[in-house]
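Each of the next two complexes has chain A plus one more chain, namely chain B in the first and chain C in the second.
Entry: the complex of A and B
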């Protein structure tokens, strides 16, 4: 194992780079800002690579741990570490940051430095969320990450950006404030510790456990987002610039789901078992009902946003079936969704940059003018629909397999998502890409340039790699997921 | 004939004595200073404040010392609050300088002298151990402020604000005095520490005590500006010239916290159950009214006034959770949280009004919310500072305001008032809206004017330092937090 504080580097390199980018000032220095941002993103990614390579897959506990006093007055520590559940997200996040910087390369011409800086800072903060082992440290990163995204949506977003930015911020803040109270409650229950790992061992009676679970649920359900608190997501996605949508879908949504595994399940295992049925019902509604909602969308971004909610329904469904297969399936689904939804939003961004419309009706016959793009878009659409050999299939298949074992009807409803997913993804694809050239705009389209091709190609490789050989991803998770399940199986009530 | 006269120990009050002497000296010197050379007065004022701070540090013993027949007390809490007070006043005077020099009709020597007397009043309030001392300090502060609000005598709004402030302030002082006289009637003492002992015997008439307490709390509520005694706050904040608003909105909160501690905690802790009940109501009402009314404002000063009301309500949460069921176990945690909250709030609010002064220039007040439209285009750096101020006020990490809210909330949760904590966070959610709106104006909207910010370099550096200090407090709050706890531990 390495002696370098890799996790600290993964957090603070992007933030430092972000501040540096800010210093380049106005748009005169935009080229410099872009180069610095790219360098920061790449450096941030490189320090996460040893996390994966040096990860000990036989160990379920925390690795790369860093511990230092932060606020001794309240026993708050700067306590970092990753296990098999969180490590991949740190890497994914750092990777997506490069994509996002590249995605905004030419498209963003206005306040370039601030744009790039916001993404870099957010990337660092989100690494902080995934690697915090102290409740308050987690919370601080969790809430601070709202600020950059609020600005990204509000400054570079679409027509209705102000509404979307406020809705996003206030919705998430609402969830996290009650979460903060739950953290304080646990602090006093545990005799003065904010350590998440201490809380895992803390015995709590059922009633307070249920309250704590519900407080967590509000925070994470809003973030995931689960039905019925999902309504901020389509707005935020539609109004956000392409980069914002990519980060939100690829990483932002994972924060809530990650919270379930780090907080809800291990801290309130009895409440989790008790309320699992409730969560499963909510998840199935997300999968089935939101699938239908996606079907009727006229706006491509909204369609992908709703499909994200449906896919995240799969994730929460997997978590609350309490089997290794289901949880690993859900985790694979989360990572896969990071690649696929990121790519989908990027594809929509590519078309939007040229035509300035996200309406499906404004397109048709794009394949005639953008053949390379159409081919790559096809791959991601298929992955979104869960076609075998793409990453989208692996996670869904694992969760459905676990569901069959769990309850036949749950499995039937969950499996219906494969049909729904295929229906809305492919139907959109058909209307946008195939058919006769719909109008002048489509006729004038130019195919993707080298930069766009490179971004899509990298994402395509990831999607296929994960679809064909998911072993590398799942082997990391085994030990930690098994530990988690063993832990959840033991009641905390005495 | 002077046999019984004992010269009191002057050392604990040395900074006050120095400040009073200097204030009078500056009043004299200023007579000979031409209007165009007002910088002399300004420099002398700053040197006086610095000197007082130096004396404070030098004479501080860290022990609880009484002097002037126990009328005056110097302890760690007083020392700490006074140091923050000097610091705030120095910053306030710096922020005000350009504004005043741009407006010669207001840039009179009286302004500086009154500010020094207000400071003296606050110092006396912080160190008061007797109802009379406390009242004298309070009146010295209030009378100086009444005059300062009316400094711009040709402005209708200022004069109206001064009148309103004076009438309501006098009413509040009356209530406070009435409450004090009731307590005197019940216990036979004006001295706060002795009052606590007498009450501990439990032989006083409870009806009279509670009657007096109600008036006392009402008077304090006026001075703190919490609902339903908040009526003067929005008008005075709005009507007063911005430097005066800055003064009223910042340092006096430290003094108000001190008199709440002296009167309610040091003096009336045995009645804690009673006044806590009253303050809970005031606190919840303040958070509700302050946060809701702030949403409707179009003037930044008025918005900050309502925000001040809600912040004082939040601060009270730390005061009301000190004693639970007669058990003072949580007292230190709760009161030190409230103290930390006040200090962070003062730091933040100073920066906020400082921003208004930074943006203002001759003939332009920069106090409307719309004046901040597109600030990010005009000056990304100051937009970022204002962004930090707003997020700090909203209690979003990594800024000082988060840990201020955090420490008060944990005190509330520790005391078992979970419902109160839930109410508090729900109102801060509402509060987040109008702070976010300021950020929206600066970042999402196009500028209505392109005039570059004309403030001088000193102002730019100072306000940047102020903003960064606030952000730094969000990254490393430990030092001030533990200082507050330590000071209170040594004082109570």
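Entry: the complex of A and C
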């Protein structure tokens, strides 16, 4: 199995399929474009399955490594590989791609080929991010992946899409410029290497470490997004089409968080320890402050977007407590958030497609006309509130427990999400789903069709599977996370 | 079949029933739903009986079903601990659940959500069983939240009623406040013991008796005190102790069968069970026990007062439940864990009986729940009448009935307790006896005796606002009728244990070594129960002795006074209400807990959210920083735009692709 360049396939199959879909041209050939896109997404997913099945859980280092010269003059290589931290995200990303292709199936009627192609190309680029072991290769994928998402929001988005797309683009561009500077610094410091793994071993003094860390921080914090550079996310979500929101939430936000583990912690361990308190404070603000902000949102997408920020707060919190339970909890939270927020955005999309409103006030009593939908939406709402037996519980539970060990008051603030998460999730659910039929639009709703049911059912199975048996997800992480922790514990200052 | 498979069968049988009835609720006919779920719960009950016998024969079990998660040095498992405490809870849960399942056939027969309802109550049974059978804190928390979910679904079962969907979110959120403390307690256990497995934690507990943690500044707190109080906050939510009790009366919005099963007999006692289960931890902190006993005493007495002024039949029983949960909590605080579990068990039977009987009355009254519209029902509903009387007598502690043994044991144990707060608790539980007897028989007399007040035109207090299509109350001239056998059979079957279970169990459960090795009491520090038991000479003697205790006369006085007030001189209560209108207003507003919560917490959270959003996100971050920079850029670009087409993504895409291609080609050539 591992003789095949699986990671290259995972990157280039979706991109190739995307280009192929583009060639089908105008909307006359939309059915063909859809079928091709689905085939490409499924093929892209299938090549990632052996990554998981063939993964050696006892090994913490890189697996499925591919190495080729790209630009020898600057020692830039096409260097791929995954470890226990990144592997699941490649699989998750490929999986979510199928979901978004299916989610846009009959909803998107305008520029179908371009829409599908954008998602496929983005999927390939994101796989590139998760598997790059070369700094420049990573940077290229990291930046390139912005473009399809930018297009998705800007072309298929809502009324205010231009503002949202600009905001998104500028925010993230701002961060990535500093990131590039940091990469250049590391290149010269390491005596001419762009290998991320070399950088891990590179000794750096504390002051430059802190500068490198801060440069990384700005790039990644915007992506996560961390408070206070989060305000692009609600706008981007609100304006993005359903598929865009799903990818953004499920994968897009994970890129920044992943960056912390691949770059910040191992390259600047001393600075990470030094500034951990600062990151933890920002994370707790995200959890608490954003919880309150989410509570009063009138727009469902904004509400879920804010809840995403709060959930990602758990991720960054987990990373900087430097314990296996915390980091694995954060990783579990990232994957779970992929399922749950993806499903939440899809649920909102299902209602939006019918009523053309995202305002909570325009709904009420949806359960009367869409009982099947209401049941599934309930599951994801509860998962969003962190109910045990759903995936949403596992990561929060792990991070909160690790936080008690770390510092009691950090845990108190983190655990407040138990209350706030339930409050904003269930209050929205109550106003939208329960009650008597509120208006003519709700009365005319039709329950979910087979396609929508299939998407939600698959996500529901994932959510429950991860909630009931998270061990299959965490066992691949152990070796790599333990290696990382050992690495971070050793000072790089000489 | 080996025992381990049998243990698995107990929770899984109801789960299978719930899945059949739930996933296919829109396809299958009603008989399939109730047959499947009743079969599931029936199997669970039968298996529980077998397991109980096996446990009594001395075969306990503590083992893992599967490893849920490993991380770092920690292992989280799903597993079962089967001992006498678990076996008792399993019997209580499955037997009451079985009765409620049967009862539901009659109670819900006109409801369109019939199949869904059966699915929920079976799912509840599964969750509750997972909770009581757990051998670790993680699974306990799992079951804990899962029963909360089902409670939420069932309170909001009639989801078009505004009051129901308000009550269910309130219940969930108040419980989450409790869980907030609970998870911190679990975290403290994990952080210091390195595991969540009960057996390991309890074995290690004595080592931590004097351990301290630094919570704030230089203050050192006893680790066990902090841990136990955190855990107990969880119990306060689930078992509805003041001030987290506010959800339970509102939970009466749910259909009556679940009020009996979830909000009286089983789920609300989960907190009591949890504290009893973790007795080796609580025993290490007298401070925590004091906290427990004071909270319990407040709940027992002050919630009882509220029962006096309720006119909704279900709400009277609900406040009675609150008060009785307070009694159990007081027992826990007095280190009389076995007595708390004993009262939990007897209460489960007689309170389920009282709720189901109330439900039977509600059916008979055509969904009028106001006791002021009832009266004289004993003629029309004889079985409901007799069983209600039995339940009420058991509740108030009539000698030789089940409630007597458990409640009197609590009072006696508290009397001998000397931890701080025990004096107040003793007063509260003793005064509570009078209050309990008074409100119970007030309801009993108003419902079953006296003038027939139904069938008048002006009925329907309190329930008109529900807006569903049930017609409420009896039409003029219409008479109530006894309910069908599926409703009355569970009443009779629950009346039996309500009478006898106390007499049978008091000896072995309290004085015997039934809970030996299961519940730990530090005899030297907390000798209250042992002191009481040294005077115990069997169930019969205890029953005879009752006639010289103050509790008996207080209960008798309560019944007598309610008879005088509501049968003889109904003008007196009205006069008292007028005379003491201040107190009446306080009680009618339930001590203003709801108003404070709504204003301070719910309102405050919304105001804070708005302030943070408008001030922080929209004002400061977006308004000043982001859009400010954007305006600056906009101004610059308004000049440079003259040269360009204006589609930034064109440029970006071209730029990146071009850059990669150029770099690759040009640099490789060189």
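Note that in this section the second predicted complex is superposed on the first by the 493 of 494 C-alpha atoms of A that agree within 3 Å, B and C clash if a C-alpha of one lies under 4 Å from a C-alpha of the other, contacts with A are read in each partner's own complex, and residues count from 1 in each chain.
Just so it is clear, contacts are C-beta pairs under 8 Å (C-beta built on N, C-alpha and C of every residue); 3 or more make two chains touch, one makes a residue touch a chain.
Keep in mind the model is a prediction, meaning the values are calculated, not measured.
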Which superposed partner A:166 touches (first chain B, second chain C, both, neither): both
Contacts of A:436 with chain B and chain C, given as first, second, both or neither: second
Which superposed partner A:139 touches (first chain B, second chain C, both, neither): first
Chain B versus chain C as contact partner of A:185, first or second or both or neither: first
Which of chain B and chain C A:73 touches, first, second, both or neither: both
Contacts of A:129 with chain B and chain C, given as first, second, both or neither: neither
Touching partner for A:47 - first (chain B), second (chain C), both, neither: neither
Contact breadth on chain A, by residue count: chain C or chain B: C
Touching partner for A:399 - first (chain B), second (chain C), both, neither: neither
Contacts of A:151 with chain B and chain C, given as first, second, both or neither: both
Doubly contacted residues of chain A, that is, touched by chain B and again by chain C: 70-74, 140, 143-144, 146-147, 150-151, 154, 165-166, 169-170
Residue ranges of chain C touching chain A (in the complex, touch as defined): 26, 66-74, 138, 141-142, 144-146, 149, 152-153, 156, 159-160, 162, 165, 169, 172-173, 176-177, 179-180, 183-184, 186-188, 190-191, 213, 215, 467, 605-606, 608-610, 612-613, 616-617, 621-622, 626, 629-630, 633, 648-649, 652-653, 656, 660, 663-664, 667-668, 670
Contacting residues of chain A [partner chain B, same complex]: 22, 25-26, 70-74, 111, 114, 136, 139-141, 143-144, 146-147, 150-151, 154-155, 161-162, 165-166, 169-170, 173-174, 177-178, 180-181, 184-185, 187-188
Residue numbers on chain B that touch chain A, as the complex places them: 376, 380, 391, 396-398, 402-403, 406-407, 409-410, 413-414, 418, 421-422, 425-426, 428-429, 432-433, 436, 439-440, 443-444, 477-478, 481-482, 485
Touching residues on chain A, where the partner in the complex is chain C: 70-74, 140, 143-144, 146-147, 150-151, 154, 165-167, 169-171, 228, 231-232, 234, 289, 292-297, 323-325, 328-329, 365, 367-368, 371, 378, 382, 387-389, 393-394, 397-398, 400-401, 403-405, 408, 411-412, 415-416, 418-420, 422-423, 426-427, 430, 433-436, 468-471, 474-475, 478
